[in-house]
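You will see chain A twice below: alongside chain B first, and alongside chain C after that.
Moving on, here comes the complex of A and B:
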C-alpha cells in the first residue's frame, strides 16, 4: 500500500501511534505519527500528506458516520489521529492558515447548560479541518460579539436545548447587526427549526452535527 | 436491602400515601402529568404571563381528569433553570398549582399530589462546585421554599459526575464512565440526598427520588440517534442503578422520577413505588421502550409536553387523557386478578424486549436476576463493574439465541468494551490514577466529592 494510503487508512482506523492501544488489533503497530514521519523523511509533498492522507482519511470517517457505520467515539479517535499527524506537519507548512478550512466560534446560548450537541458539532468541524473556538455553555450575547470582533471571518455557531433559551439567539443576531458585524451565523439544537432560523435572521440552520459541517462549508464558500 | 421485592405494575411493597388523598403503589396505576412552557423568556417582565400559563395548564388538566373520572393523579412541576436560580419564583408556581389541586379535590373529589423537581443548577459552572457556593445554596433553598409552598413530593435530576461522564460517553471511555457512575455520582447522591431527606422531614413532605437521566438517558438518546453503540447505552442503564439507589439508602421513599428507566431495579431492590414513561411520552422523545416501561410502573407519565394548542385541546390536556386511558387498562387488569396482571405484563414485555437491547434489560425476569446479584456486592463501585460484565455477557448470549436484535455496527464494540474492562484496576484510587494520567486537566474537582 502506498504510504499516503496507509496514512489515510490509519486515520480511518483512529490509530495514533505505536503506543496507542486503540484499535486493539493495531496495538504495538506503527500509527499515523510514525507514518507521517516516514512520509516527511521521504520528502513527500506536504500538501499531499495533508489532503490525500490526513483529510482524506477524515472524509472517509465522515462518510461512514453519515451512513451510520461509525459512532462518535470512533470518529473522535480518528480526529485525534489526524491531529497528531497535523502537528507533525505544522513546522513544515509555510502558510499556517492553509492548514484549516476556516474558524468557527461555537457556544451554547445564555441560560442553557446543555453542551453535548454543541461539543459534537465542534468535534465534527475539527475533524473536517476547521479550527473551533469553543465558548462553552451559558454564553452571553456580548461574549459572542466580543470574540467575533476578533475573528471577523469566522462562522458563529449557537446551540440551545430549551425552548425558553432559544429566544436569546435572536439577541445575538440583533447585536451583531447593530454592531455592523458580517460574520455568518448558524444555529441548531433540539427545539430549533429552519423556520426559527429564518425568523431571527440567522444565516443557516442544521438539524444535526453532520449537516452542520456541510452547512458550515456552504456558508463559508468552501 | 437483603431481599428482593416483587415487581409488577400498580403494586409496590412500600406504597406512598400523600397529597390530597392519594396512594401510590397501592393497587392502582395513576397518571403523572408534566408540562412545560412554549418558547418564552422566563424574566421578571414576563412573570405574570408565566404564572397565568401554569395556572391555565393545571386548571385544564384537572378539568379533563375530573371529566374522565381519574381516580387520582400526580402533577409534576419541573422547575426551569431561572426558577431555581430565583427560588421564590419556583415557590410561587408551586403555590399556584397546589391551590388549584386543593380546589379540585374539595369541589370535584379529585385525588392528587404535587411533585416538585428543582433543577440541579450546580452544573451551571464547569467544573461544577458540588458541595459549596451559590448554586448549591440556590438548589437547596429551592427545595426548602417549594416544600413550604405546597410540594407533596420532592425530586431532582441530580448531575454529580456528569461533567466527567458526558465526555467519557462521547469518547467511549470505560474508565471515565465507571468512575463517574461508581464513584463521583454515588458520592454526590449520598451528599445531596441526605440534605433533601432532612428538608423533607422538616416540612413533612415525601423525599421521592432521583433519576440517572443525565447519564443513562443521555446515552440512550445518543444511541437512538446512532451516535454511540446501543450496547454501551444498555450497559450504562444498568450501571446507573447503584448511583440512583443511594437516594433510597439515604431515606427517599419513592416514587422515583418518571425518566428513571432504572426504576424497575430500584423497585426490586427497595420496594418503593416507581414512575415510568413510555409510549405516551412520545410527545417528549423517541422511545424503544414504549410498552416494556409500563411493566412495573406505579405512576405512568408523559415525561413533558409543551403547552401548544392541538386540534382537540392543549397538548398537556391531550397527554392527560392519553395517560388516563393507559392507566384504566392496567387497572382493569389489576381488578381481574394476578393472572390478568401477569398476562398484560407479559405483553408489555414481549412486545419490546427482543427489538432493542435497552428494552431487554427492563425485562422483569432480567431485572430480578441482575438485582439478586447486586445484593451480593458490598460497594457501589463493585456493583458498577459487575453491571458491565453482566450486561456484556447477557447481550452476547441473547444475540446468539436470537432473543434480541443488535445492530451490526455495535458488534465490534463487544470486544472494544471487554478489552477496556480487562485493563482497568478495580479500585477508586486506581481509576483516578488512570484519569489523571490520561488528561491534562480533570473535568471535575475531586474535593467537591470528598476525594
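Moving on, here comes the complex of A and C:
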C-alpha cells in the first residue's frame, strides 16, 4: 500500500502511534505518527500528506459516523490520530494560511456547559482542514462578536444542549446583525432544528459533526 | 384552573403499560421541576415531603407517584446560572453539569480511592411511608437508573470513551460496582408488594444515534436491563425504560430485556408513528410531546398535538401521554396544563 494510503487508513482506524493499544489488532505496530515521519523523511509533498492522508482519512471517518458505523469513541481515536499527524506536519507548512480551508469560530452558547458535541464538530472541522478557534463553553454573545470582529471571514459555529440555552443563539444572530457583521453562522445541538435555524436567521444547521463539515464547506463556498 | 373529575386509577396505568387499552389514556412523567409544581399548586412545596408530592400528582390526575431509593454518588458537577432569554421562557435557574473530559475516576488508583456508596446505606424508608399515606387508587412506581450514565460521569465522557479500548478492565470494574449497587435497589423494590411497576432510566443514545457501539451495550448494559425485566416478570408488573435518542439499532435488545413500556420517544430522534407501527405490538409508548413545543409553543398547538396522539396513537391502547423528556423549570406552565387537560378530558 502506498504510504499516503497507509496514513489515511491509519487515521480511519484511529491508530495514533506504536504505543497505542487501539485498535487491538494494530497494537505495537506503527501508527499515524510513525508513518507521517516516514513520509516527511521521503520528502513527500506536505499538501499531499495533509489532504490525501490525514484529511482523506477523516472524510471516511465522518461518513462512517453519519452512517452509524462509527460512534464517539472511534471518532475520538481517529481525531487524535489525525491531530498527532498534523502536529508533525505543522513546522513544515510554510504558508499555513494557504493550507487551511478557512477559519471557524466555535463555542457552546452562554448558560450551557455541554461541549462533547461542540468538540466533535471542532475535531471534524480540523480533520477537514479548517482552523478552529474554540471559545469553549458558556460563551457570551459579546464574546462571539468580539472574536468575529477580528476574523470577519470566519464561519461562526454555536452549540446548545437545552431549549432554554438555545434561545441565546438568537441573541448572537441579532447582535451580529446590529453590528453589521457578515460572518456566516451555523448552529447545532440536541434541541436545535433546521426550523429553529431559519426562525432565528442563522445561515445553516447541522445534525451531527460530520454534516457540520459539509455545511461549513457549503456556506464558505468550498 | 384545571377541570377534571377523573380520579387516579393505578390499574388504568398498569393496563396501559402492559400495552393494552384502558378506560382512558393515562398521564406519565419521569421528572417535574419543583418550581412548576409550586406554580400549579400556587404554594411553596417541600421537596422532601411525600404528602406534597402525592397532592401534586393527585391534583393533576396522575395515577402514580414515583419513588427513588436514596443514595449519594459524588460526581463533581459544575453549576452554571442560566439567565432569562425571553421568547416565552421565563425561568432562571442553576444547572449542574457533569465533567465531560476528565472525571473523578480515570485510573485504578482513583477507582480505589472513590467513596463508593454501600448497599446497606441505601435508604428506602420513604417507600414504607408512602405505603401508609398513598390514596388507595394511586400506585407506586419504583425508579432508579444510570448505570451507563454514572459510569461515564464518573470518568468524564472523553476518558470513558477512550477507556473502552484503552482500559477495558477499569471499565468492567466500574460497571461491576455500579451494577451491583443499582441492581440491588431493583431487587429490593421488587420485593415490596406495594410497588406496582419498576422504571429504569439511563440515556444511551443521542438524536443522531447510539452513544457508543451497540456491542458495548450488549456486554455491559442489556444484561442488567434483563435482570430488572426478569424481576418484573416474576411479579407480573410493568417495566418502563427511559432513554433519549435513536434506538432502532438496539430496539430488539430492549424488547428482549423484558421492557413493557418505552419512554420518552423524542420526536427529533424517532417518529412516534414509526415506533408505533414497528414495535407498537410489543411495547407501550410513553411521552412524545416535544419539550420544545411545551416551552416555546402555545396552548392551541399543544392541544392539537395531544388530541392527535390520543386519536392516532392511543386509540389501540398502549400509550401514556407525557413530555418527550421531562417537565423542566423553563417550560410554559400554561402549555403543560393544556397537555394535562386534553389528556384528562378528551377520549375517542
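The rule we apply is simple: the second predicted complex is superposed on the first by the 220 of 222 C-alpha atoms of A that agree within 3 Å, B and C clash if a C-alpha of one lies under 4 Å from a C-alpha of the other, contacts with A are read in each partner's own complex, and residues count from 1 in each chain.
Going forward, a residue touches a chain if its C-beta (ideal position, glycine included) is under 8 Å from a C-beta of that chain, and two chains touch if they have at least 3 such contacts.
Quantities reported herein were computed from a predicted structural model and do not represent experimental measurements.
Superposition note: with chain A as the common reference, chain B and chain C are in steric clash.
With both structures placed on the common chain, the touch criterion links A:193 to chain C but leaves chain B unconnected.
By the document's definition of touching, of the two partners only chain B reaches A:123; chain C does not. Contacts of A:163 after superposition: both chain B and chain C are touched.
Once chain A of one complex is fitted onto chain A of the other, the partner contacts of A:131 are absent, as it touches neither chain B nor chain C. Under the contact criterion defined above, the residues of chain A that touch both chain B in one complex and chain C in the other are 21-24, 68, 71-74, 76, 111, 113, 115-116, 119, 138, 162-164, 167-168, 191, 208. Interface of chain A with chain B (complex): residues 21-24, 68-74, 76, 111, 113, 115-116, 119-120, 123, 136-138, 162-164, 166-168, 191, 208. The part of chain B that touches chain A in the complex is made up of residues 36-42, 80-82, 123-124, 126, 166-167, 170-173, 218, 222, 225-229, 306, 409, 413, 415-416, 419, 423. Residues of chain C touching chain A in their complex: 78, 80-83, 85-87, 89, 91, 93, 95, 97, 100, 157-158, 161-162, 164-166, 206-213, 249, 268, 291-292, 295-296, 328, 330. By the touch rule above, chain A contacts chain C in their complex via residues 21-24, 68, 71-74, 76-77, 110-116, 119, 138, 162-165, 167-168, 170-171, 190-191, 193, 207-208.
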